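Below: the structure, in structure tokens.
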Amino acid sequence: MVPLSWYLIFAAALFSIGLFGVLSRRNAIAILLGVELMLNSVNINLAAFWRYGNVMDMTGQVFAIIVFAVAAAEVAVGLALVISVYRRRNTVVADEIDMMKW
Amino acid sequence: MSQWIYIGLFFIVGLIIPVGAIVMAWMLGPKKPNPIKLSTYECGIETVGDSWVQFKAQYYIFALVFLIFDVETVFLFPWAVKLGQLGLFAVIEGLIFILILVAGLVYTWRKGMLEWA
Amino acid sequence: MMIHEETARLLTWLIPLPPVLAFALIVLFTNRSKWLSHTIGVGAAILSFIGSMLVTVFYAFRVEHFGEHPIESAINWLPTGNTWFRIGVLIDPLGAAVLFFVSITIFMIFLYSVGYQNYGQPAGDHDRAGLPPHGATIEEHGHKHVVPSVEPMYSRFFAFLGLFAFGMYVLVVSDNLLTMFVGWEIMGLCSYLLIGFWYGKPSARNAAVKAFMTTRIGDVFMLLGIAFLYSATGTLTFREIFTEETLHVLASTPAAFGMTASGLIALLLFIGTVGKSAQWPLHVWLPDAMEGPTPVSAMIHAATMVSAGVYAVIRMFPLLTADFTGHGLTTTMSIVAFIGAFTALFAATIAVAQNDIKRVLAYSTISQLGYMIAALGIGAYVAAAFHLITHAFFKALLFLGSGSVIHGMEHGVLHTGNHNVDPQDMFNMGGLRKKMPVTFWTFLIGGFALSGFPLITAGFWSKDEILADAFGHGHWAVFVTLAAAAFLTAFYTMRQITLTFLGEPRTKEAEHAQETPWTMTTPLVVLSVFAIAYGWVGIPEHFPVLGGLVPNWFHDFVGHTLAEVPDAPEFSWIPLLTSLVVALGGLALGWLVYRNVKSVSDDRLQIPLLKNKYYFDEAYDFLFVKPAYWFAETFVYKWMDKGLIDGILHIFGPTTGGIGSAIRNYFDLPVINRFFGDGSADVTYWFGGKLRAIQTGRVQQYLMLALVTFIVIGVALYFFVLA
Amino acid sequence: MSFWNDPLKVAADWLMGILTGWGMPEIAAQILIGFLGILLLISVLMVLDIFLVWVERKVVARFQDRIGPNRLGPFGLIQPFADIIKLMIKEDTTPGGADKVVYNLAPMLSMMSVLILWAVVPLAPTMLGVDLNIGVLYIIAAGAIGTLSIIMAGWASNNKFALIGAFRQVAVMVSFEVPMLATLLIPTILTGSMGTGAIIEKQDIWFFWLAPLGAVIFLIAAIAELGRAPFDMAEGESELVSGYNIEYSGMKFGMFYAGELLHAFTFGGFLAIMFFGGYRFFGLELVSPFLAIAVLLFKAFIGYWLIMWVKYTLLRIRIDHMLAFNWKFLTPLAFVLLMVVALMNALLAGTPTWLYIVGMFLSNVLVAWGALEVARSYSRREREKVEGPKPVVETAQH
Amino acid sequence: MTGEQITFLIVALVTLGSGLMVVTTRNLVHAALWLVATLFGVAVTYALLHASFLAVVQVVVYIGAIAILFIFAVMLTRKDMRDQGPQMNRNWWFGALLAVLTFGGLYFLLQGWTGLSKTAAALPSGFDAVGELGNALVSPDAYVLPFEVASVLLVAALVGAVYVAFNPHSGNSGK
């Protein structure tokens, strides 16, 4: 039997990897890839807590599904924004997208 | 759990067979590469530029609409499974859910985003 | 006829829905069709109106012991750990009374908007979305003339109104603070959208932002209060909070600043009201909010939404008075009473010197809301609720009337073609009673009700009750302040009526003003009926002659919202005489002073201090806005060239270098000179230079900063709090 | 329990005895047996696939008034084996500039996405690879891998045509996946389970009679999903030469080709499973598992035949029409049907069976009729926009 | 060590490895494909957790839709973002530091938690996770509101994304 801690540490590691991607990649799309990793790591946690908690209580799975919906929404809008920015400014480099500066 | 072992075995076997076939073909076939043979095939005409063509944003729109509906069905499958036992109220909940999404489709349609042109 | 309890419960759930559906339908589908949009909008308002009437008139007002058995229904909403956060609806006597006036006024707004936004008129010649319509030229019988043109964003307006109505209904019917707060915030958003409805005008844009930001300050505190309440009691449902045990626990828990938990929570929630109801010192947004489409948004902001703020405090009254023993106000109550009374007087003095017909009303609103707040501060629960409702009726009437006046004046402006004449300036009016008789008479009724014209108007009874309460419980300071405010109120109301309607027209535009269409006058007539008649439900029992003719139904009904019905104040001649004197005196003085005023220069009350609203805007500009800009520009600006992290790096680099050179210079230069002279200046300069711009516009650096902060705080919390 | 009643169990027990007899842990033996069983199933499938090549060629020839392969063996039966040998000994090329790993991975994934589908195909009452309670979604998931393989192939080839072809193909596939998902929900609703086994168990009446329109939509979506004619714009020979697999040759091309055929056959099978009772045929399946398999294969072949029939009868549809047809007609229709079925199913619950069937069937027909009316009036308007209104009066005078 | 543990370790390592490739590889299409591998690994993790529905949905949604969307987006914004030039911003080391710190912090917190050693109870026989999920989603006592709100969220995302990506007023539209 795999202990709960393995799953949690696995999720934490995946989260940190995603975080690194979000913080360090120049390409906005790559940043969104990192965000996906982070969302997935959260989902692993939710599933793990569902399995190791009361199985009859579906809260963990329900939340995981809602995270799917959120992830889909996030990707859809995020990538649309990237494409839109690319069309106007011809760049997808996050550092160069700084129209919101003061 | 045991079910998933077999699914995993299916994946493995499903991958082994094509890999085996391709590797076998690779071993059996001759290998005489030359630059013309390896060049990109465009009906015999010299290739101009590289393969990165600018794509229509339309592709993205279709994939986007698909993504949204895909996630929607994820919500609908558990609903569908329990539908028989839950009665009319659950049916109506699901119908509202679908109708809201169809409204999104209608919006996209009305905005002219579903046109290929 | 009386409807069944179950039906009432179901209807209560359904009341907020039609407007929000109308909003969705208009936004999504009917944006193009003006007719469809206003039909849907008004239809939704009618549905909600009918629902509210069924619930209130045909149920709540007729049930015995409604206070003990209110309409309640709740469902599970959010799982919070092992329990559920429940949301639901609650209509108790207070809610019923408020729902009654809210549904009427909202219905009237919808109807009035049809006329105000010039439905049925041709599209304007140069009208653009985001700007008020400028009028259209039409040819008739061979000659051209200019007529009002229809609002270009007609449908959008009804969509916003629908959303607004939804917010208000949610606020009124909700049984817990959270959904109430949701409705509250929806209204905040709508007020932003409606104030900035003509976003093409910079003044409207600024006013919208100002209103949003100012109310936001209050809302943050309110949210803090809600959070505090939730952590203290574990529930946000009114009926669960207002049980005796919970209140007792809250009242006996000490919190900060010498206040009990209940006092502190009530104060935090009250700050939300200060923002929403435009009480001093957060009153600055309301007058500017008059930039919205004239009377309608003004009416929203003055009659309905700001009432929500007062409603919130009335709702929270048990909490506010949880540690009130009956003698000696608690800290929170004194603060509430002080702010209310001060605002009442303070806003009234400003109103005296305003020339814009809507601004006078705006300040008058602030002042009247101060009245209610002050009444709550001294524990006059029923009086405050009563004044809230009568005020809503007559202030709605006045605002719609002023809108009608402006509309009529705009007619004149279009006729003469002289666009330099401000149709809202009262000094450009005069003599309108002959041009716009319906508007005049209804405005007169509203004005008299506002002034508290004795016996017949609703305003008299509610004001009198507040004064009687203040007097009866010996709150002298409040009593005197409110009496003075009442006097000023009567005075500026009469000033307004005199300048606008009486005398002779002062401009050509006023001569050509015209009565407005039926969609606009009907609401005026309906509301004027309420502005008079609603007072009769609350005549104190011991009032000479009239008392006892009609039972004091209102006191009896609303009083039962609370666990113990508050006593009606004993009758006394002094407050009665006071209110008679101030009302009639103010009215008379106003008429005497202004009947002969011909132009602005004749008006001796154009005192710069009052004219400029005590320079509050300037003061806030100096105190908050300028520093914020300074902070942004000096603190935050160039640092970003390099990026935040580079910035930090650059601090490390020069710091190391700086230490080195500092050591060198330490020996080279006189210590004193270096340290106290150039040193302090240099440190400031260096720091400023380094900290110039934290804002790169780069998301990743923001995120890094956020994370660093998060980690630092997390570590600190862990080691200092948990460990 | 004899071999003819439950061959798998008998064989498994037999092997189990042998392996544990050799001192193998039971669990490992189980996994090994599973592995062998799956290997057997997939090998049979591959042989079937080769046979399908022959079927396809024969059928298309008949459609085009030819004879088709007839030289090698009786009826040309040996022909596909010759094809295989040819593919085997062709030179294995990887175009220059291609992304080697991705390029080579794509055909394998494509084949795999089809093979793993058979994990949830119930061959007989006792022979179901894996009785997943989410079988229906599993089909979609396998399809997702197929979609991915196409985009990988197109991208890795470093060829404009391949990339455009892949993009088009993927756009079509994902688009038609929406109505397919919606129609897959219908058997799920009717059964109350997503397991393929349960769906067949439930079909005392074929679901086709309860939701005929659903079956039709499923078939259309399946054809598009397969990228076969008339929805084969991605490989339009005249514009894109061959679509995403233009740069592939030899065995790698063979994988795509064989994958497509097997995929078509598999979807014929799923059509049978979802709407035509799978292996059930008036109790015949209970006689012997082998008969059940035969019934299923027969039904799958009919489905496959339908798909081929459509392919060789209809003209290729332009991609914009294709997508418009999906998003503006098929998807709304599928969702309307889904809602109608869900509602009718709930409303008719508890009524006599005949009423239930008639009600469901009629509601389906009604939806179909309404949809066709809408489509007709729309196309009439479109035609009038192009040609002007029809001169009705003139025709009357003739 | 049981077979399940070995499987978990292999899956976890492969997943984390592909995850690392996602954030470090230069070629964006490769990054997207590595993402697919990672997400597949996560799907296998769900399967190990007996969350069958989640596992399949993970494949359907992430691999079938989100990954495709990513690849499309990469193709659409390809022009200037070739593989040349650094793929990391200048502060990447700081990002790495923060990521490591976050992991360290999480690990540290996990260390101090007592619920870790818990082992999962066996699933009740005949337990129908999907059915339970359906119950939870549509029962008024559970998550019916999130369920409906999810559809609103999805529509909002659809409308927003369509509007943003394809606003005809914003520059050249497509080809």
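Observations
Letters A, B, C, D and E name the chains as they come in the text, with residue numbers starting at 1 for each one.
Assume a residue touches a chain if its C-beta (ideal position, glycine included) is under 8 Å from a C-beta of that chain, and two chains touch if they have at least 3 such contacts.
Please read these numbers as outputs of a predicted model, since none were measured by experiment.
By the document's definition of touch, common neighbours of chain B and chain D comprise E. Ranking all chains by how far their C-alpha centres lie from the centre of chain D, first place goes to C. Chain centres computed from CA atoms place C at the largest separation from chain E. Counting C-beta pairs in contact across C-E and across A-B shows that the higher total falls to C-E.
Separating the centre of chain A from that of chain C, both taken as means of CA atoms, is a distance of 41 Å. Centres computed as Cα averages put chain B at a distance of 17 Å from chain E.
Computed centre separation for the pair chain A/chain E is 6 angstrom, with centres defined by C-alpha atoms.
Taking each chain's centre as the average of its CA atoms, chain B and chain C sit 53 Å apart.
For chain A, residues that reach two or more other chains under the stated contact definition are 19, 22-24, 59, 65, 68-69, 72, 75-76, 79-80, 83, 87, 94-95. Multi-chain contact residues of chain C (touching two or more other chains) are listed as 79, 700, 704, 707.
Along chain E, residues 4, 48, 50, 52-53, 57, 60-61, 64-66, 68-69, 72-73, 75-76, 79, 89, 91, 94-95, 98, 102, 129-130, 133, 135-137, 140, 142-143, 150, 154, 157-158, 161-162, 165, 173 each make contact with two or more other chains. Contacts from chain B toward chain E in the complex involve residues 1, 3-4, 7-8, 52, 54-61, 63-68, 70-72, 74-75, 77-83, 86, 89-90, 93-94, 96-98, 100-101, 103-105, 107-108, 111, 113.
Across the interface of their complex, chain B is touched by residues 65, 68-69, 72, 75-76, 79-80, 83, 87 of chain A.
Residue ranges of chain C in contact with chain E, taken from their complex: 75-79, 643, 645-646, 700-701, 704, 707-708, 711, 714-715. Per the touch definition, chain A reaches chain E in the complex via residues 1-10, 12-27, 29-30, 32-34, 36-37, 40, 43-44, 47-48, 50-52, 55-56, 58-59, 61-62, 64-66, 68-77, 79-84, 86-88, 90-95. Of all residues in chain A, those touching chain C in their complex are 19, 22-24, 31, 59, 94-95, 97-102.
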